[in-house]
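The following pair of complexes shares a single chain, chain A, combined with chain B in the former and chain C in the latter.
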Partner chain A sequence: MTLLLQLFINGLVQGMPLACLAVGFGLVYRSLKIFHLAMGAEFILTGYILYALMNWFNMGLMSAIPLTIILAVAFGAAIEKGVYLPFFNQKSSAGVTMIASLGVMIIVENVIALIFGNNVKSISTDLEPIYLWHGLKITRIQLIQFLICGICFGGLGYLIHRSKWFKVIWAMGDQPKLVPVMGLPLNTIRLVIMCLAAFMVAVPSVLIGYDVGLEPHTGMSYLLTASVAVFFGGLDRYWAWGIGAICVAILQSVVVWLFSGEWISFVTFAILVFVLLFKPNGLFGVRKRMEEE
Partner chain B sequence: MKKLLWVLVVLIIVAFGGRAWYLHKQSVAEKDVVKIGALLPLTGPTARDGMDALAGMKIALEEINRDPTSNTKIDIWVEDNKFSVPASLAAFHKLNNSVPAFITFGAVPVNGLASLLKANHKPTISLVNAEDATIYSTPEIFRAWISISKQAGVIAEFVTKNFKDSRIAFLKIKSIDGDSFENVLTTQLAGIGQELVAKETFAVTDIETRNQVIKLLDKNPDVVVVYGFAQGYIAALNSLLEQGYKGAIITNQDVQMNHKLIANNAAGIYFGMPNYDFSKLIKSNPDLADNLFAAFGYEGMRIMAKVIQQNGTDSAKIREGLANLKDFETGFGKISYDEQGEIHLPNFVIKQMQADGSAKIVKESE
Partner chain C sequence: MKKLIWTLVILVVVGVFGGRAWWLYQHQEIGDNIVKIGAVLPMSGIVSDSNKKIVATLNVAKDIIEAENLLGNQRISYQLEDGKYTVKDSLSAFNKLIMDKPNAIIVLGDVPVYGLKTRIKENKIPTIALITGTADITKHNPYLFRAFHANNVLAEKNSKFLLDKGADTVAILRIKNNYGDDMANTFIEKFEQDGGKVLINESYAMDSLDVRPQIAKILNTNPKAVFITGSGTGYIAAFNQLKENAYAGIVLTESAIMDAEVYSHITNNAEGCYFATAEYNFEQVPTFKDRYQKAIQEEPDIFTAFTLMTMQVLTEAIKRGGTESEEIRKALLSLKDFDTVMGKVTFNADGELYLDSLSIKQMQPDGTAKIIKE
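Right, the complex of A and B next:
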């Protein structure tokens, strides 16, 4: 029973960074209608920026993290300005933009592999302290991941529901054509969305990289799990992305308990197929009228 | 005007004549150079490894061609196989008529090329492991890397001799290699009447392996055998120690890159790998220290060059030469091939990690 409870807690803790990644994917997918594959590139690049700042420029962890996140947000802005916006202005189809996004992902992944090599790079060189409570274990970095990602996810959710500017971002997902009609700066809003998404990817990337190290080819795996969390929870509710992420992470943990680690990917995507077949709007999705689709 | 025209005509004739003479001289010179096809991943996820192998091959080429006693100059024709079968096939067709032999990198590409190599009788050295079935069914392919079953055999023997009656658990990567390793390990354990107390799997791209490790440690093992590579492998080893595991870890790779492991459980970590003398490589390029891809590139190139210099450029004779290669001196020790293309690497040892990051041999090769 302790084992199951331990795995459940691990799932809960892993769910928070995944919730942030789900926001990074969901914001771009919902508001800009782009299947944001380049998010995988943002995820891996952020970790390697931190590694480079600490190892090449001898920066301390605490001073390197803010600069890493600033550079990661700048990279998100560069993707918008250099790739997504030109395709949007040319009225390219979603498929074309998705291929371009995939291209960004592949280029970044390969450049990182060339510069840093395919070997795993460790940011932290010490074992994390572990906290024990009634036979249950949690490491310090797991706790930090849970708290910081929880604050980021909750904070952005609060802003989206309370702040006028953030409400515009959310509303853009419902009625994208109304934004310019209402005299709002469409390109600026697009840029803000990409920067916010990059921020929400950068925070878990730094924490996960610090926890388990860096490898150039892990971006796609995180991107796909985050997209599953968004569709599982429901695309049109912000909080559902977080619930979806936590559910997926807990299910992945329980799979290990019930069967074996080799079934994690199978179960993750089986959930997605099952939900899309029987609840196309996700578990907490909003049912729309046909004319709203 | 007429003069100018004449000057122009003469200049054109001289230019074309000179170019024709240069090309003729070059083709004569190239006749003395034997080119070997090198199909390496130069782009894609394994590009860095392919480039390391190429660096080793180039060092070997310099040595070979500097040797005044050799009458045949060797060169390589490098093509990017992108670590994929389609790119390897394209590269093979491009070079097939121009080279007598190949050196390839990557299990996937060489498995995909096997039937073509066999049909065209092109002897090939595979720098990185190929499936056993491919090696044994394709007499043209010779392995430069150790086979997984051989590696598993040495490690399993070490486990059964040194950790008899211990509670042994196994953590493996989800791959054919992982399954082969498990088969050898469980068979050897069965031989002494033991079985694994727990078994778990992780994927090559897994970053998070805590749950698998927690489940494994729930069975209280004294020994955990870990087989794997890449991100999932490092994550699994980290998780083992992070969860407070203090027993022995026996694994397939040098874990020097991971300081956490060395600092916290050095005395309990053992690994089985070929023992290589890197001094020659380091002399040419200090960055290649401990780089086994460069080592296999270097030795693979030396083997192929030696066989070509002894047997000429006929593909069938090169294949015969490889099959008959015995006691060839390398950084691994004296290596030989058998008729099936299987390599005999003598210097396969088990090392124990030390707290200062070095590794001490605890089981010599036999």
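Right, the complex of A and C next:
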């Protein structure tokens, strides 16, 4: 029973960074209608920026993190200005933009491998303090991940429901064509969405990178898991992305209780197929009227 | 204007390809005095970092062979192809290699060798399976020779060592590929034959960064020893995350821990762990170490040693039998107690390597390994 609880806690802790990643994917997918594959590039690039700042420029962890996040957000803005917006202005199809997004990810992944090598990079090899409670273990960095990502996820959710500007971002996902009609600056809102998404990806990237290290080819795996979390929870409810992420992370962790560790990625795709087949709107999805679709 | 741009583009393309073709023509090595050695190596992909030391060793070995005139007037020409440590890419690389009719081939790693073993047999070119542990992989394949310690040989040594230490229950955490499966299976077979019990056999993906769920499951069985085997980021994560849990039992692993790159991510978390490995002595080739360090500014390690040994046995086989593939194969089989950097080397009729030096080492706090048991 302790093992099951331990696996559950591991999953719960991993669920929070995944919830932030799900927001990074979901915001862009819902509001800009782009299957944001370049999010994988944002994820890996952020970790490597932190690594470079600390190892090449000898910055301390606490000063490197804010600069890393600023640079990561700038990268998100660059993707919008350099890739997504030109395609949007040309009225390109979603498929074309997705291929361009995939291109960004492959380029970034390979450039990182070229500069830093294919091997793993560790930001810290120090042992993390461990907290014990009735035989259950959690490391300090896991706890920090849970808290910081929880604050980011909860904070943005609050803003989306309370702030006028953030409400516009959410509303854009429902009626994107109404934004310019209402005299709102569409390009600025698009840019804000991309920056917000980049921020929500940068925070877990830094924390995960610090905890388990960096590897240039992991972006796609995190991106897929985050997208599954969004579709699993339901695309049209912000909180459902978080619930979806936590459920996916817990299932991935708990699967080890019954089966071998090699089945972890199987769970992700089994959930995706299940959702697409039986709950296409996700667990908490909103059923729309035909004219809304 | 458009015409001018197109003309320029065409000129540039023709220039680049034409130039390359001319360069290749000028630099092609033709003649009876060239010994062609092909190699399928992980030049890109997740394990490509090990490639640097392998290529450096091959080049230094070539320089020494030619400088010392070990092959008379014959010169070695390498053709290196990228197998990316996958079966698919290794097959493409191998197919490309054999077009050039190499005299011998080197293939690095269990996954590529496993995928190529039928093609090797069909093409009848003597092939050295470098750093390939899968048990019996050379069996029934007269053209395949191993240049590494076989998993079943390690299993025997590991099993005996653990039982001598009183660790009769073991949990295994292995990489999920042919190598990890074979390493675990050969160990389980031997260990249970010797009276031990394997409580759990868990796996991780080569690119895993987090193996905490597997470690929680393993520790839940209260093993007296944990056997971590494999490579890649999952291997590193396994050590670091096992140490997080303050595991107090015996940690057994393999020579991958001595890879400087791997160790730099594990450091003190590997302290005290044991592994079975072959001994090597670079003094056997006096100028090698200096030349190697000059080439890549790194200390040579066990993987360097096995690569150098590969070139030593191939050189000797060519010296004895000539450059015909069949003659090289026969000459490799005739090597008995041949002196190499790995000590005395013999291949049995199956192309299996017999090494006379295998010992158990323990990782020390300073990152070196100390022999515990011969």
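Details
Keep in mind that, in the parts below, the second predicted complex is superposed on the first by the 293 of 293 C-alpha atoms of A that agree within 3 Å, B and C clash if a C-alpha of one lies under 4 Å from a C-alpha of the other, contacts with A are read in each partner's own complex, and residues count from 1 in each chain.
The definition used in the following text is that a contact is a pair of C-beta atoms (placed from the backbone, for glycine too) under 8 Å apart; a residue touches a chain by one contact, two chains touch by 3 or more.
Note that this is a predicted model, so its numbers are computed, not measured.
Aligning the two structures on chain A places chain B and chain C in a clash.
Legend: residue contacts after superposition of the two complexes on their common chain; A:171 is shown touching neither chain B nor chain C.
Of the two partner chains placed by superposition, A:77 touches none, neither chain B nor chain C. In the superposition on chain A, A:137 makes contact with both chain B and chain C.
After overlaying the two complexes on the shared chain, residue contacts for A:7 are found with chain B and with chain C alike. When both complexes are overlaid on chain A, the residue A:119 reaches chain B and chain C alike. Legend: residue contacts after superposition of the two complexes on their common chain; A:159 is shown touching neither chain B nor chain C. Common to the chain B and chain C contact sets on chain A are residues 3, 6-7, 10-11, 14, 113, 117-120, 122, 125, 127-128, 130, 137, 139, 208, 212-213, 215, 217-218, 221, 252-253, 256-257, 260-262, 264-265. Partner chain C is touched in their complex by these residues of chain A: 2-3, 6-7, 10-11, 14, 113, 117-122, 125, 127-128, 130, 137, 139, 208, 211-213, 215, 217-218, 221, 252-253, 255-257, 260-262, 264-265.
Across the complex, chain B is touched by residues 3, 6-7, 10-11, 14, 109-110, 113-114, 117-120, 122, 124-128, 130, 137, 139, 208, 212-213, 215-218, 220-222, 252-253, 256-257, 260-262, 264-265 of chain A. Partner chain A is touched in their complex by these residues of chain B: 43-49, 174, 199-203, 205-212, 214-215, 218, 230-231, 233-235, 238, 241-244, 257-260, 263-264. Contact residues on chain C toward chain A in their complex (touch as defined above): 44-49, 176, 201-205, 207-214, 216-217, 220, 232-233, 236-237, 240, 243-246, 261, 264-269.
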